[in-house]
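Below: a set of structures, written as structure tokens.
Look at the two complexes coming up: chain A is in both, with chain B in one and chain C in the other.
Moving on, here comes the complex of A and B:
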């Protein structure tokens, strides 16, 4: 069943268009993982994340100044090229300025008739953030009700929480297999899985994830896992890169497996669940988004990401970390020197790569191989 | 040949002295038994003033601009930041600031004085990170407080100023007061806070009134001079001395308008700009003057700190009226400051470029601009966000627009000759003729 994730990843538009036809449900595209999907599921609206296509494009230049990240331009290009014309609405939970431009330009030029900017608080370490977000959610709920043409009740919200919590649990269970000595799932496959979840109805994703979970219990991969690598970055679904480094071992003397990531396409997105013991479902959802693993744009005054990254690195027993910088991604760029020092101080070697929309496969292969070799050398010495 | 009479600003020497004193005070703060505080130009500095009259500030953006004005110094700072591992595409003010800490050199002479605490606000996604990293680079023992003001736009761009949004910002200020008492060991004085709060409001209100006077033809102020004057609002909005300077300036500019005193004697055409200029190359404004062009200002110089209200029906901007009375309680002062600053024009484009386009168009029309020159500023993501859409929106509204690319604080990203050539082509297309030297 693992290949189903790849199929969904590669055919996201086909899935979503057919989904609309067969269910009659509306679809809202969202730009950032700070969008509370629970609220949309509560209204029987499918929230789908808008990601780029990793293809060079030339349509966004008049709309977004070239100093902003390639991901936001790539995401906007999908809208301007009409790939998402079937959407009924678009929304964004406030995070970085870059992606916000993809949303605002889309809103200006391809408005599907419903759009909403959610002022997700930035000061998530303040005790004032949850009460503020609760009030913001109440405004958003009214707006969603207009789109859905129905009232959203507490039970609907609990249903939305249940849907999202279950897929989060399912993905975490699958991630457990990545801790094994010879993981039965590669980083490439895991990335297909987490991204497929963005593009599909969680209720349709869940049975497939559960089946995959059963399959993984007995799956054995006929490959040398090589070095255990962690990827750290921003929005990264650079599957071509992950696949390239995971197949290095077939061509070179060193190989690797990506065993965990700290990306908003993976763990930052799904790791944290909504606490179902909290009576008020709106408050419960607000707490989840305030307390979740933060985007660096919200990770202050304390840099809490460091400990979270270290915990993942230890739990998944990584040999080294590749720090992926999405070019121009300011919040991550502000963290990178400190993450590198922190990991190095904790005995985890790091390597830095700057990414654009397309992957520089050749040079990146050479550089990654060199990094992996340094990990080998250390092993030989001791 | 000059058409209009010109004369220097009378308050210029005083302004210069006040600015120098500001940076000197920060250096000498500890000798005076005072406290050093660092933060953003948009920080709600008034809140810190309840700790005493001896809280001395440094604000990162004008400090970064001062560094950028000194090319060799800036080169040292930028290189140091890059060597540390910071990307070259990060905010150039921020890189100058971090570089100054890493090198340990103060742009105003001697070693960089270490801040006692950092107090800032966050709307651009770099703001919180800026001082988080600055505190870390200072050795990790400088406490930091950040107030999140990213709560959405104000009316008329939103249906109302929602109470919970004002409350969220005000409550963070209240929390910060307890925090400051704890980290400084001082008892907070509410009366001083009320005074500082009122200074902030009158200063930012007065600045808007000053900018209104530049609707006159000839313009009494040119933007190059405005840069030297608006800076006080970015240094410390809560300063009584700065508020008084603006009140003097207002009187002086009113007098200039009455007497027809021009900033640029040969004013033939009027332009407005956008975002920060390349600080090391302010001579581009003198270059514009050779074409008889005066830059009357921008949403940036008017509304970065000046407080305005946008009237959608009239497509016009006017100074936001001050609240009727000074605050009398801590809670009221926090609410008042939050409500006041959330209507800042330069906060609005963070939620949609359309809001900025509308306000820019209002300036272009009401300040009688012939054209708009936009700086695609690689140095500041916060003020460049949505800028390409602003260009499109202004063109749609019938404005003549040119752009040039540069960086406010990194001279390696600015090309002077090619910028001048772009000016030549654009200004010629407006039917202007360059004055021979």
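Moving on, here comes the complex of A and C:
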């Protein structure tokens, strides 16, 4: 069943177009994981995340500055090239200016029908963040009601919460397998899974995830897991890179398995659940997004991410961490020296790589391999 | 066309060497390191951890063939049969395509270990300027990599760029360093180390009446500065050693040292063989510890 995730990842548009035909439900594309998907599920609207395609393109030059990150450019290109013409609307929960520019350009030039900018507070550590977001959510709910053509009641919201919490739990249960000595699921496969969740209806994703969970219990991979690696950093769905480093062992003398990541395409996105003990569902959702593992654009004045990263690194027993930055992703760039120092002080070696739309596989392979060699502590060589 | 200039100015001399003081017949362990780089390939033969023979050649279009040629050239005057080799390690850009290798290790690890052997155990920072990339490596007292950086995405400011420049200005590559100092005053650096842009800029300088030596100086200092920005990022700890082909170009190295404000370690060995030396030494250590080839 695992291959279903890859199929969904590779055929996201086909799935979504057929989904519309099949269900008659509307689909809204969102740009950042600070978009509360629960509110859309409450209205029977499918929220899908817009990711890039990792193909070189030439359509965004008039819209986005050259020193904005490649991910926001790649995401906007999908819209400008008409790949998402079937969407009924677009939205964004504010995180960084680069991605907001992608949203704004798309909104201006593609006439998406319905569009909504959600002012998600950046100062999430402020006491006023939750009450502020609750009021913002109430405005957003009204706009979603207009699009859906129906009222959203508290029970609908609880339904939305239930849907999202269940997929989060299902993915976390699958992540548990990655703690094993020889994980039955590779980092490549896990990345297909978390991204497939962006592109599909959680209610259709869930039974597949449960089936995968059952299969993993008896799955054995005929490969040497090598070093246990954590990936940390910007948006990353560069499966080509992950697959390249996980297959190094087939060609070279060192290999590795990505056992956990701290990306907004993986744990930052799904690790935290909505607290169902909170009576008001709107407030419960707002708390979840304010308190979730933050994007570095919101992680100030305290850097709360550091402890969360360390906990994941320890729980998944990583040997080393590769810190990834999308070129020009300033919020992440500002955090990198702190993360590296903090992890190294805690005995976890790190290496840094700067990503672009496409990855320079050759140079990245030798760097990653040399980093793995430094982790190997192969005293026999000296 | 009569009088057409067919000299290849970029072409550096391929060489091989055999240690006259060693008899391979007396050796207990023979190990080989083969470094197939993007521009040059080397084979190093070690007998009981001592440097016995080496070769340094141009890499061809076929990695396995380049490895084979380098090994044959290295063994040429030794009369040693290839079957005598106990262990062979491939390194460099073509490391997985060395047919006679028992395993591969990255050139980053090998250059650190090789520099440790060539320059001595005091070396802590190694700069390897190769044919198409540039690596700054920090290592410990054993020659083990602690941290490293490589130039990103583009091969500007590396050996191949220097070859192109030698050709453009019709100056034999071996003379580039020397001639870059035969100038009345040091000109401004060319503003780009990108081979394509720098070529354009150099042609412009020549047209404006600058002398060839001055243009060479301008390019050497641009390369030195680019290398400096890389090595500055990793932090320089003494002692500092340079490996790779560009270590032989004093036009770049002396300008780089001026920027760093530090004297590099010196050696009489060919700096291009450092990677293969490291590979052969790793092989020696493995065989010594019984981790060699499974018979």
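Here is the rule we use: the second predicted complex is superposed on the first by the 377 of 382 C-alpha atoms of A that agree within 3 Å, B and C clash if a C-alpha of one lies under 4 Å from a C-alpha of the other, contacts with A are read in each partner's own complex, and residues count from 1 in each chain.
Simple rule for what comes next: contacts are C-beta pairs under 8 Å (C-beta built on N, C-alpha and C of every residue); 3 or more make two chains touch, one makes a residue touch a chain.
Values in this document were obtained by computation on a predicted structure and should not be read as measured data.
Chemist: Is A:78 touching anything from chain B or chain C once the two structures are fitted on A? First, second, both or neither.
Modeler: Neither: A:78 stays clear of chain B and chain C.
Chemist: Is the number of chain A residues in contact higher for chain B or for chain C?
Modeler: For chain A, the partner with the higher number of touched residues is B.
Chemist: Pick one for A:363: touches chain B only (first), chain C only (second), both, or neither.
Modeler: second
Chemist: A:100 in the overlay: touching chain B, chain C, both, or neither? Say first, second, both or neither.
Modeler: It touches chain B, and chain C stays clear.
Chemist: Scan A:373 for contacts with chain B and chain C and give back first, second, both or neither.
Modeler: Only chain C is touched by A:373; chain B is not.
Chemist: A:236 in the overlay: touching chain B, chain C, both, or neither? Say first, second, both or neither.
Modeler: neither
Chemist: Who does A:253 touch here: chain B (first), chain C (second), both, or neither?
Modeler: Second partner only.
Chemist: Using the superposition on chain A as set up above, list the residues of chain A that contact both chain B and chain C.
Modeler: Common to the two interfaces on chain A: residues 354.
Chemist: So in the complex, the part of chain B that touches chain A is made up of which residues?
Modeler: Against chain A, the touching part of chain B is residues 84-87, 89-91, 122, 124-126, 128-130, 132-133, 135-136, 144-148, 150-152, 162, 164-165, 167-168, 171-172, 175, 350-354, 376, 378, 381-382, 384-389, 392.
Chemist: Considering the complex alone, what residue numbers of chain C touch chain A?
Modeler: 93, 95-96, 103-109, 113, 133, 142-148, 150, 152-153, 282, 285-286, 289, 291
Chemist: Name, in rising order, each residue of chain A that touches chain C in their complex.
Modeler: Touching chain C from chain A are residues 251-253, 354, 360, 363, 366-367, 369-370, 373-374, 380-382.
Chemist: In the complex, go through chain A and note every residue touching chain B.
Modeler: Per the stated touch rule, the residues are 61-65, 67-68, 94-98, 100-101, 104-105, 107-108, 117, 119, 121-123, 126-129, 131-132, 135-136, 139, 296-298, 300-301, 303, 325, 327-328, 330-331, 333-338, 340, 354.
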